[in-house]
Amino acid sequence: MISPIELSIFSVAAFIIPVIFVMAAGVTKRLLIHVSFSVSALASLIIAIAGFMAVAGGVTEQIILPLGLPALPFHLRLDQLSGFFLFVVGLLSFIVSVYSIGYVSGLAADRPVKRLIVFYNLFIAAMFMVILADDALCFMVSWEVMAASSYFLVMFEDGKSENRRAAYLYMVMAHIGAILILLSFGVMAGIATGLDSFTGYTFDAMREARFPLKWATVAFLLSFFGFAAKAGVIPFHVWLPEAHPVAPSNVSALMSGVMLKTAIYGIVRITFDIIGVFPWWWGALVLVFGLVSAVMGVLYALMQHDLKKLLAYHSVENIGIILIGIGLSMIFTSFNLPAMAALALIAGLYHTMNHAMFKGLLFMGAGAILNATHERNMDEMGGLIRYMPWTSVFFLIGCISISALPPFNGFVSEWLTFQAFLLSPSLPSPLMKLLIPLGAALLALTGALAAACFVKVFGVIFLGNWRGHNPPVAAEAGWSMRIGMMLAALTCLCFGILPSVIIDWMDNISANLLGATLNTTAGVYGWMWLTPVDPERASYSGPLVLVGIVAVCAITYVLLHVRPGKISRVPVWDCGFQKLNNKMQYNSISFSMPFRRIFGYLFDIKEQIRLSPQPGHPAFPEMQHYYLRIRDRFWGWIYKPFINIVVLLSRKAGMLQHGRIHLYLIYSFVTIIFLLALL
Amino acid sequence: MNPLHLIFTEILQVLIVLTVAPAFTGWVDMLKCWTQGRASAGVMQPYRNIAKLFVKDVVLAQNASWIFRFTPYFVFSTAVVAASVIPVISMNLFLAPSADIIVLIALFATARFFTALAGMDIGTAFGGMGSSREMMIASLAEPAILMSIFTVSLAGRSTSLLHIVQTFSGGVLVFRPSIVFAAIAFVLVVIAEAGRIPVDNPATHLELTMVHEAMILEYSGRHLALMEWGAMLRFFLFVTLGIACFLPWGIAATDNVVEIAAAVFLMLIKLAVIGGVVVLIETGLAKMRLFRLTEFLGAAFLMATLGVIAFFILE
Amino acid sequence: MNLQVLAQINSFLAALVLLTAFAMLSQRKINSLVILFAWQGLFLSINTAVTGFVAAKHHLYISSLLTLSLKVILLPYILHVLVVRLKIRKEMETIMNIPATMLIGIALVIFSYHLTAPVREMSTLITRSTLAVALATVMIGLLMMITRKHAVTQIIGFLAMENGLFFAATSATYGMPLVVELGVALDVLIAAFIFGIFFFQISTTFDSLSVEQMESLREDN
Amino acid sequence: MILLVMIITPFVAAIILAFIGDRRFAPEANIFGSCLTFTASVALAMEVYKYGPILAAEKFFFVDAFSVYLAVLTSFVSMTTAVFSRRYMQREREHGRVGPARMRFYHAMFQMFIFAMLLCLLSNNIGVLWIAMELATLSTVLLVSLYRTPNAIEAAWKYFILCGVGIAQALFGTVLLYFAAEKVIGEGGEALLWTNLIEVSGMLEPTILSLAFVFLVVGYGTKVGLVPLHNWLPDAHSEGPTPISAVLSGLLLNIALYALVRCKVLVDGSTHTHYAGNIMMGFGIVSILVASFSILRQKDIKRMFSYSSIEHMGIATFAFGLGGPIATFGGLLHMLMHSLAKSSIFFTVGHACQMHRTQEIARIKGLFKGDPFVGWTLILGAMAIAGLPPFGIFTSEFLILTATIKDVPLLAPFILIGLAVAFAGLLRKVQYMVSGDVPSYCKPLEAARAPVILHMALVLVLAFYMPDFLNKWFQTAVELLK
């Protein structure tokens, strides 16, 4: 019987096959695409299974690869946490790979597909390695490979300047983040073993070390900000809404669905597993960053009219929600309340999984729409539900899930997070008691705004009539894309209605990290009811709610159709004025107008309405011009000044090289004098 | 106690809710007419409307999609499910544990989600306008209502309604500032959620003011009936939710018939009174401008927050 | 002759070397610069010979001869030829005015005296006191390269530095091992040829030997 | 024996090539010579690997782990460069930038340069080390001005003057070293032999050695290209022929650093403080910062990469200054990886420049489309040099950074800034060059792929799998540099 970790290593190795296959000459594009993506789908699926087994089995395995430095070979480790993330990443990349077969075939005509295939596979393999890594070097190498390959994926269409810009921004931020993480490993390794040998770099050594608080804090802050830059936590999010839209949609599904999660993994791994003991304010910090990202993220998303950009901002929001869970868990841990910490942690991790699923689904849907309409601007779309019925259903499921509405998965994790919030009274610190419920309010606001946002998305894209100039040529997505989206949609539903089962499975993680479990099914109600704390406290039964709704729908439908009533379809009444045209519909800009009014001060908004009145009746303008530009304030607040400083410094540095040889000689002269004076 | 009784009470309660909800709306309208010195159509008017709509044929817009047709059923069914969860007459409900307050709110949110989609389905300006406004109001109302509910559930150490009701109805009436704040907040939010004046005016089709009506403007026949009934249920359920949270006394704890009857009777009285209060508010206030709502709901949110703070500081 | 006298001769020569260095620093005319350089070489080789005699190090004679041939005859000749070929007549303008450079030079002398103090204390050689002079010569050579705008003068400054180094070798440690001496001499020779080539290249491309036109490779724009 | 073969081969080759002149087979002869050197060096390396350090020709030559690995590296890179330069220079002739006479000169001097570098590495006598270093400078000066353009001549002149001055300082340092050693060992050649010096380094007079080190560090530091002594480097690297730029920044800098490290070991051994180390760390930091900020505004591609050479030399210098097993290991690895990656980058850059007939970044575009091989190797090389895995430079930077954090945490932020800025700068320009459409004036040429592939493959493989002997070398070298 092959052990999960070996299984996963072999499957990771399997990702090389497509890469080699690409190099192999004389393969038709079609064959290439089918084979390579099937391979990656299969490998991902196997890894997902391995991860599942690892969590369920509750055992921890370690392996040392004969790679890396002789003194510091790659250590790999598969415990419950990594198993869980393997499962998430594996599942989504399986689904997306299935989807990609059709999607990439759609691109194959005029774009460099080989590049896409190579880096796609590298990217996924690197993500798995990140999760499996058990020493700093292996982790960093996989981490950076992940970043680099996704950089090339973002730069897929290098002809467009916006893609280049986005890719560049992304890569630079990713690299800076990576260096921060690296430094934090340096701190930990240095403290752990004094670095007189290479073994200090293994996570085991770091686990054993007891860090002095000062250094632990430094390490935590470094790693947290490093990971935050990758996860797109506000204010480190600027690259995200640039990079995700321009990447091919299957890639953006992966980037947004699982790549961001590797950062979450890193945070959990370092804080809970490696450092272990920490003061409460770390958790508070994470919580605050989470709340800010959640609210700001969804607000920015609400303002977008570029579909993929909007989804990208929603990733920011959801990362925020995940961080809320983790932050709460950290706070509870620091006050030594393991059971509650377990609840919060599982809430966060559960949302991680859910977000992977529905965000993947939404990006896949966006890809399908993009393929069909060649349009990213929602205000040019409309009524697609009649052209792409399947896609519309799946997309709707995605929308409901991400809006945290029952009976789908998004709601469950948010519900768990609320429960965690409501445990705040048991905290010793009065301040925490008081402030944490306010966080809950912000979370509620986030949820409601998300719902609003996705009413807008679905309504504008799929409902109403086509807004574009030329009539739509949209057609339904191909079979593989549909299968991919369907799988994702089904997972969303399952995670939504059977949370207790999944949480039982996840209990091993918290048992491993915190020594406490939720064992929800142990409650009086059994698997049907989710009772995270105890049945007295709160309970939710997905299946019953679903069954109830379906049943009532069915009954009413039947009752109302006993009497055959005829349905007559007629054009909409236009109140006798000028005929209704498609431009009269609400579009995304007009939909979000009230929110712009209310939350406008958070954005840098430029809005112009130019009227050209008729000579006769100024009241009835001939035409009017509307211009709206919404900018992220953080760019101006943080990044602009920073960039200016760098440019200034580089100019100063350039001044050294002024071409006069005398002055060069003076440099060396002065250097000598200086050093001699130092003696 | 034996599950048959549970299921029986469950069904009974659902039926009661379904039947009483229109009457409650009717009652409110009637009181309103009286206060405004008009002759009222009586408590039964809503039933007549619904019945009439049920027998009418459906006229659909040409481009209406399945969403548009599915929504009424969905809205109605969510209301029914909610009705089966809130302890309106009895605490011994079969389905009660399947959803706590947060789930309830989320259920209503889902219904609203679909209503808003339906509003955008036809692609008229009105529908979109209604959806947009509705979602805006909701997104402001939801934090407030959750906060006020959190206050209650902090006090009751639970988010499941049953236990809240048990905890509160058990003890004698104690004056808890947190609960009072929460109650005020709750009232304000319910007014918003149920689309009453001063937030929305169910009686108007004036494009400047209408919100909920704008969304369902294109509905007709049985669809409209379901939507209307759903709206009434929604209003009713919010009120009963408030009752369960803030004045739960008298809700039947056991399943003997007398107690349940008493509970029903008590409930009717409470409803009557609350209806009066609502009418007073509605006639007292004028419909607000859309962007004044932020202040209104902000006030609600403030109240709720004060409730939480009061809970931690004063109790 | 007794050591005392020789030591005095030695230090006298050292003083002369320093003097020539200063003279070069102040000199504007190329020709006289070359001549001064030759003089410096001459003093240097005599000094080396004397030291060799005092310390009875015979390889010092060789290196003295080497110096004589290279620094007194060959290099000045090459330079002279170049100067004639390239028709360098006009006076060399400097970056700083002469007195200022002189002052800096004096400062350098004091500085190097201060620096070489530890060496002096440790050394038992009679030549030890001249190490300061050697270092000063090196520094002054560098200073000369800095202050002159002309390729040839820069080279002369460079060679003056070389002299200083050679002087340091002899005075601090009765000369380096022979192989090193030879190697250094070889390098200097090659260098001489190279700058010879350079002068031609420069003057043909820039039709002047002033290094001021050579400021196009820069980034401060 | 092998050692002598190895030393003599390039010398003889230089002479022969000087006579062959510009025959048709001159480039092949050049390649042949360097191959011979390389094989010899490998054989030598194996001997050292088997029997440990070698002391030959009455102690005139000395080979230990540190020098032999650099020797192998040097001969290897020079070999690949010879291969590369064959086609490259031929094309330069077609473009009419060099004539027959200069080709003769080029080949001869190329071999002479290798000879000088090998002499540096293998000589046991620090005096000879100095001489060889000077010889290396002189042999490349005229190569830099090979094209006889005003800029080339200016660059060469600066190179000549600045390095000459620097080297002179180094000689003074050497004299002082000799002076100190002579006290302990006694007069004569013995006192300059590394093997003797290292034995007695404890007894050497600290004050004098620290005085000497000032001159040594300024002297050799000039050749390493440490800021603020670096100004010759960008000019020389950007104006010379590309093969020369490759060997200059791939090899010469390493050699200079080698000399510096040797001296540092001596000085620290005598002063028993971290004096020399601190000075080197200071130079390292300044170099990293200045170089990385200069990268940002470069308009000339070769200049940009030469600045990155300065940056990396800064990193290596810093690492050696830091000392300690991890940092030193990292430094050695860094020297190796940098010279491999950087020379391969210069190869690809050379191709790109020849395709577009310019070194201006603004005019080089669309390499992905124009010549995928060049485009991909260029961007991958740039990423490698900018410290992205899976390439080896990341490994060394990883080790160095972590060690820094441990020993001098306060310096880590500066290195962080340096690395980040350099990365941003490099990526920006390179991304611009590889992406987009092919300009009209770009003429595709077939590239000499073998050297590039070889180097990149090495940089990649060594990051994941380091053969045992290499590891042993590094470990012993680390021991030596303790």
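Letters A, B, C and D name the chains as they come in the text, with residue numbers starting at 1 for each one.
Criterion: contacts are C-beta pairs under 8 Å (C-beta built on N, C-alpha and C of every residue); 3 or more make two chains touch, one makes a residue touch a chain.
Treat the numbers as computed from the prediction; the structure is a model and nothing was measured.
Among the inter-chain contacts, the highest number of C-beta pairs connects A-B. With every chain reduced to the mean of its CA atoms, the largest distance from subunit C is reached by B. Each chain gets a centre from the mean of its Cα atoms; for subunit A and subunit B, those two points are 35 Å apart.
One inter-chain figure worth recording: subunit B and subunit D are separated by 78 Å, centre to centre, where each centre is the mean of the chain's CA atoms.
Taking each chain's centre as the mean of its C-alpha atoms, subunit A lies 44 Å from subunit D. Chain centres here are Cα means. That of subunit A falls 70 Å from that of subunit C.
For subunit A, the set of residues touching two or more other chains reads 654, 656-657, 661, 665, 668, 676, 679.
Within subunit C, the positions touching two or more other chains are listed as 115, 142, 145, 154, 211, 214-217, 219.
Of all possible chain pairs, the ones that touch are A-B, A-C, A-D, C-D.
Interface of subunit C with subunit D (complex): residues 115, 118-119, 122-123, 135, 138, 142, 145, 151, 154, 158, 161-162, 164-165, 168-169, 172-174, 176-180, 183-184, 186-187, 190-191, 194-195, 197-198, 201-202, 205-206, 211, 214-217, 219.
Residue ranges on subunit B touching subunit A, taken from their complex, read 54-55, 57-67, 73-74, 76-78, 80-81, 84, 95, 97-100, 102-103, 106-107, 109-110, 112-113, 116-117, 119-125, 127-129, 131-133, 135-136, 138-143, 146-147, 150, 153-154, 157-160, 163, 218, 221-222, 226, 290-291, 294, 301, 304-305, 308-309, 312-313. Of all the residues in subunit A, the ones that touch subunit B in their complex are 382-383, 385-386, 396, 400, 403-406, 411, 415, 418-419, 421-422, 425, 430, 433-434, 437-438, 440-442, 444-445, 447-449, 451-452, 454-456, 458-460, 462-465, 525, 529, 535-541, 544-545, 548-553, 556-557, 560, 563, 565-572, 580, 582, 584-586, 590-595, 597-598.
Within the complex formed with subunit A, the subunit C residues making contact are 95, 111, 115, 139, 142-143, 145-147, 149, 154, 211, 214-221.
Contacts from subunit D toward subunit C in the complex involve residues 125, 127-128, 130-131, 134-135, 138, 141-142, 145, 148-151, 153-158, 160-161, 164-165, 168-169, 171-172, 174-176, 178-179, 182-183, 187-189, 191-192, 205, 207-208, 211, 234-235, 238-239, 294, 297-298.
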